[in-house]
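Here come two complexes built around chain A, the first alongside chain B, the second alongside chain C.
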Partner chain A sequence: MIASQLRSMWLVFKHLFRRNVTVQYPDQKPYLAPRYRGRIILTRDPNGDERCVACNLCAVACPPDCISLQKTEDPDGRWRPEYFRINFSRCIMCGLCEDACPTYAIQLTPDFEMCEYDRQNMVYEKEDLLINGPGKYHDYSFYQVAGKAITGKDKGEAENEAAPINIKSLNL
Partner chain B sequence: MPTITIDGEKYQVDGEQNLLSTCLTLGLNVPYFCWHPEMGSVGACRQCAMMEYKDSEDQHGRLIMSCMTPIRDGGIYSVKDEVAEEFRGSIIEDLMTNHPHDCPVCEEGGECHLQDMTEMSGHTMRRYRGTKRTHRNQYLGPFINHEMNRCITCYRCVRFYNDYAGGEDLQALGRNHQVYFGRQEEGRLENGFSGNLVEVCPTGVFTDKTFSSHFVRKWDLQTAPSVCEHCAVGCNTAPGARESGNSNEPILRRITNLYHHDINGYFLCDRGRFGYEYINSATRIQNVLSVRQEDVISSTAEKGDRMHREINPQEAVLHLAEQIAMANQGKRNLIGIGSPRTSLENNYALRKLVGSGNFYSGLSQKDQELLHLVSTIQQDDRIQSPSTPEIENADAILILGEDIYNTAPRISLAVRQAARNRQKQQAKSLKIPLWQDSSVRQLEGDYSPIIFAGTELSNLEKITSNTLFESPEKVASFACNLALAISDPTSLSPDLEPSLLELITHTAGILRGSSKPLIISGTSSKHADTLKSVAQVATVLSDYKKQPTMLYLACDEVNSLGLIQFFNDGKGNLDELLERLKKNTDNQIPTSLMILENDLYRRLDKKSLEQLLSQADEIILLDTLLNPTSKRADWIFPASVTAESQGTFINNNGLAQRFYAVYEGKGFIQESWRWLMDAVNFCTEKPANLSAIAEWQHSTDLSDAIAREFPVLKALDSLGPDEDFRIDGLKVARQSARYSGRTAIHAEKQVSENPPLQDPDAPMSFSMEGIHNPNRSPLQANIWSPGWNSNQSIFKFQEEVGGERRGGPSGIRIERPQRVMPEWPAPSTPPEVAADPSHVQMLPLYRLFGSEELSNQAMGISEVIEAPFVMVNHIDAKAFDIHQRELIELETSCGTYRAEVRISPTIPSGTVGIPYGLPDFETLSPLLPGYASLRPAEAPAITED
Partner chain C sequence: MSTPIWITLLNIFGVLIATVILAAVLTWGERRLLGFWQDRPGPNRVGPFGTLQVLADMIKLFFKEDFIPRFADIPVFVLAPTVVMATMLIAFAVVPMSPGIGVVDLNIGLLFVLAMSSIAVYSIILGGYASNNKYALLGGLRAAAQTVSYEVFMGLSLMGVVMMSGSFNLRDIVNAQAERWFIMPQFVGFIVFFIAGIAESRRTPFDLPEAEHELTAGFHTEYSGMKFGMFFVGEYLAVILISALITTLFLGGWHGPWLPPIIWFCLKTAILVAIFILLRASLPRPRYDQLMKFGWKVMLPLALINLLVTAGVLLWTA
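Moving on, here comes the complex of A and B:
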């Protein structure tokens, strides 16, 4: 029995020389990996255009249904969200929206510090979500891959596309 | 019944079907593209491959295309065989090589048959690394968007558009790998059924442009079974609505077809599919309005027009209550005017409030008589009102005085199928199964006989065997002679023109010789003698054949036949009301007119109507859209449209159908009967009729009250479940199980969620909670099954492919007492007079887009409505010295109208065709068919007064 007490004291004493695991948060910030699942952002493609095409896949993947948006179409043919809203007071930071996103528009960031006194302030609109860069994926531009023509990228000009067919030719 | 074995399981099946549709009927998942339940098989896509084994010894089997394989008794087949699965996987991989990376920006995504089939065939990774072929798109009008890159060349679009619907301006162009489905040049798809391409195309080549402008995915639409309100055929629809995230107010987003075996089947017309936009239009009444008393500095309003301001609904309801109280004390006349374009429930509520003696139909005498005639004719047991499949099976069709493509469009599509019955007979005699679509269509031979007599025939010209373009009087006399010829061919007067005589004997011969003859007519020619003569033909034919004759009578509006059931004595039209009000002038009691969802300027000629309105001291209007009548109203209450309310319509067949609210109308909008009920609740004294109104809580309370009061409408009490009906303790969910954004959509204004709205009328929830499976309840209009996200999944909810929906048909025929119709005297033959420009008969011409009041306000449809015109016979035009596209003035008893001339070889001489209900010509509609004089326009345009 005494042996057990001595052993415990030894173990406690040994910890005096261990490295401290407590971090002095918030003065000292821990390292979070770039792929940490924190606050959600909307990114832009390399040309600076909004990446989100309002396909609604993030909204349908979202388990607490906290994403809502409405599609609209720009004169240049791009689909774009008229509004894009995330209710962070409901968000569980699961990252399924990022998984579902076919254009890398919606991304999770290592920022988790989102405290508010008023819950209403946890509702983020598109202006609050949209950043001025491509986030984690630097090169991807959806419309360069998609077949839909937009101003500046005609039919046949996307990656792996043949020139449009002239149906009035013989097409041999 | 043959027995077959599929993957080791034995099934008893219907031997008439091919293997694919048999498998689908059995609930097996077999992927397919080119096959369509209504259009049969062509074996083009090779996607539905299965294995067939010679006998139980056969280990290898052979690949077959299940859509092209007839059922063999004792046959052994396999869907799951590895070879077949691999084959189907390779087919889909090939089809997908050129498919663009478009799904996120494609309106079809989420309800795409191609997506479903790709998943089902197990093609998950793209191996093809070559270039994709691309195509340029075409502008196809305001309804349909074109994105040719997505095409998998299944040929369904041209098979529907050309073969099934008779369109001519969509073709398969180009060749081999580069086939292009489009028009010769850009422009609107002219066929009135083009909207079905959206559902027929298995992918996103043709998508709904009107939907795209307020697009959401299928899983985000809340829906309920509804009935199309744009004509009297009564097609079932599944409108989809969703709140908007900016204003929290729901908007109707689109209309899709809701399968009904006996009415619309798989297809809708474009007016029904795209007409919904009127609900979101700028002319929608959204607030309670009352007339402004104060003077304004200047205004563009005409004399007699009121100017309105928004007021608090309570103020208006209190005012209404005051009027009702005064009427009860005998200090005020309260007169109600009903409407054929709103539900039986709304009409009944108004009738109950004002009393049957003060309730008027809102129809002119002429229109009401016509509807009364229709109802009388249908009551005769020698007449049978056919369903759409019965029309499709008719072997001879006589159309009299009705341009069905424009007045009952879905019926004209059925007639088009009937035209092929001779071909189908031939196929049967050659033992070709009918689902072998292209083989059957290749058979040569004439169309089944379709004979038309009337003013104008649209869309069906090429399949009619004989046509007679004449004025309604002559059509009536043609029908009369035809009746004589059927009963006794020798009794015809020898004075008839030889060509006419020949047509009459020919038609009589065809009708006598056919086994399932069908006669189609209706009220659109506004000519009672035509209807009477048509009825005579039908009865004579029935006497000759000793079986009821199929007679389809088309009415003008969605609930025409329902409204008329309240007026069985033939009284209660607007002309009578005018007489009554004129007599009342010296009476000291003031009069209030309550108008229910009706634009009276389309009913009564302008002069009489002005008289009628000026006799009223106050006009109260309950309506959905601002219209000329609303300009004269002192109080306007916003009423809900079909998609926002529950009620009952009665269609051309006498089928009572209930429609359900898809979403709650925004703001103060509510059902007309609820406005009346609110006002009654504010009355302090309630005599018997008012206390009954005050007790109403659910729409079904009204339906039951109607069923009790009118034996004819007894069907209404068994028509659908009451609002307290539950399945396993649950309501039916209007939203899909994967409805998104619930906790965010309203969060802009308020982050905490409100409970969902409660529906007081139907056992359905405005949320995702409840029953989702359409097999559990016909109230579920979201046609979806796991793995089948597109509308193609409907086969999972049918008793067999193309059969009745499980749970039986919705809608019950009203039981009118069987009564032999009276003998009407033969119509007098009009004397022949030389065409005279100062006295021409105006005949109504109908247009798919433009003749119907509500759909005219839809944004897409308003783009394609023609400018008003006057159609003149080519010989008359020469005689009157007028030319194509010249401006002409039409002087009528109610003012002068100005329009372009169109010259036509078919419009009868001595008459001019006037488009019915077209914008600017609405006030001309009540005058049709009347007389006017024509003169070239010289003075500056004065349209009215």
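Moving on, here comes the complex of A and C:
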């Protein structure tokens, strides 16, 4: 009995010469992968236009229902959110909104330091979420690959898109 | 007295301030050492190497609400934490730290220390009783039962040393170890006293009165603010006192080559304190009945046999 106690004391003592496992966080930051699921952003396409088309798929996918947005339409035919609001005090950083997004607009970033003294400050509006870059997908531009007509790009003019067919001209 | 009054005063205040400061610093030192033994740095952010953590904790404790539960026995509740600190500080008076340092030179110094450390247990029992809380009462009960079981062999384990040096005076005991430390002939006594000392200072593995996992905080569950702080300083003072006593009684006190006596004394004491902390870091707490059984069925007979053999050898050689 005594021998085993002495042995465990010796084992513990040997740890004096081991390296600490502690990461001294505010001084030493851990490496976060680019695809880490942290603070959510809204990105722009390479031309600097908003990618979000206010399709609401992210709001539907969101398990804690923390995303709320309202669609509006620009005179040129583009859809975009009138407001886009994420309540980060509810957000669980699951990334399902990013998966659901058809336009790569909503993305998660490797940033988790979002403490606030006031709970209301955890509610991010569109101007807080929107960044000036394309995020993880540099070249993607929804309106350049989609069949939606906007001013300056009619149907059939998108990349790899065939010209539209007049159905009534088909003699079947 | 032939020594001038200012030397006596210097001794008194030097020992008092040094022990209180050491006990306070030990709260940081223990957490730091525990940290190293658990592969983490421990408190290292306040001041250089975290040394000002002590100050930060003190400020925090002073500004905490000093809560006295209305169901408590108030006079006893207030008195209890002062007892442990006072008795431990008084006990330091007879510990000779070096040939010139030491407050009093009592001819019954050893008995005095034992008496004072026994009175300190009242602090635990009274604190547990006065809190009027079930956890605290259980802690107090355990303290009482633990005291009964280890005080006996604690005293007996030291009788071998007393017989060999022929004195209860701690200074004489140290002087008797000039050639040979008592740990050699009295190894069993050393072990028994060390184990009793752990129980006396209520440190893991014998921290049953406190037992955070079963009794929340045991006897000091209801204490907060500086009263809680006094219990803690008392516990650390007890650790230092027991270490200083072991140094004095078994490890030759200030005797040692090359270095000045006070350095030797502090070094030996510091190593013993570190062993106390290592014990806390590595050993689990025994069950309550196991502790009692261990005390009465192993330690007491061991102390008695040690006493008998020492007496026999002394008579044989005399």
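FYI, the second predicted complex is superposed on the first by the 155 of 172 C-alpha atoms of A that agree within 3 Å, B and C clash if a C-alpha of one lies under 4 Å from a C-alpha of the other, contacts with A are read in each partner's own complex, and residues count from 1 in each chain.
The definition used in the following text is that contacts are C-beta pairs under 8 Å (C-beta built on N, C-alpha and C of every residue); 3 or more make two chains touch, one makes a residue touch a chain.
Since the structure is predicted, the reported quantities are computational estimates derived from the model, not experimental observations.
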item: Chain A as common anchor, with chain B and chain C clashing or fitting; value: fit
item: First (chain B), second (chain C), both or neither touched by A:15; value: second
item: Partner chain(s) touched by A:160 [first = chain B, second = chain C, both, neither]; value: first
item: Partner with the higher number of touched chain A residues, chain C or chain B; value: B
item: Partner chain in contact with A:68 - chain B first, chain C second, else both or neither; value: first
item: Chain C versus chain B - closest C-alpha approach in the superposed model, Å; value: 32
item: Doubly contacted residues of chain A, that is, touched by chain B and again by chain C; value: none
item: Contact footprint of chain A on chain C as seen in their complex; value: 36-41, 278-279, 281-283
item: Chain A residues touching chain B - in the complex, by the definition given at the top; value: 53, 55-57, 59-60, 62, 64-71, 73, 79, 82-83, 85-87, 89-90, 102-103, 119-120, 122-123, 125, 142, 145-149, 155-156, 158, 160-165, 167, 171
item: In the complex with chain C, residue positions of chain A that touch it; value: 5, 8-9, 11-13, 15-16, 18-22, 24
item: Chain B residues within the chain A interface of the complex; value: 100-106, 109-110, 129-137, 147, 149-150, 173-176, 178, 180, 182, 212-217, 219-220, 244-246, 738-745, 747-748, 750-752
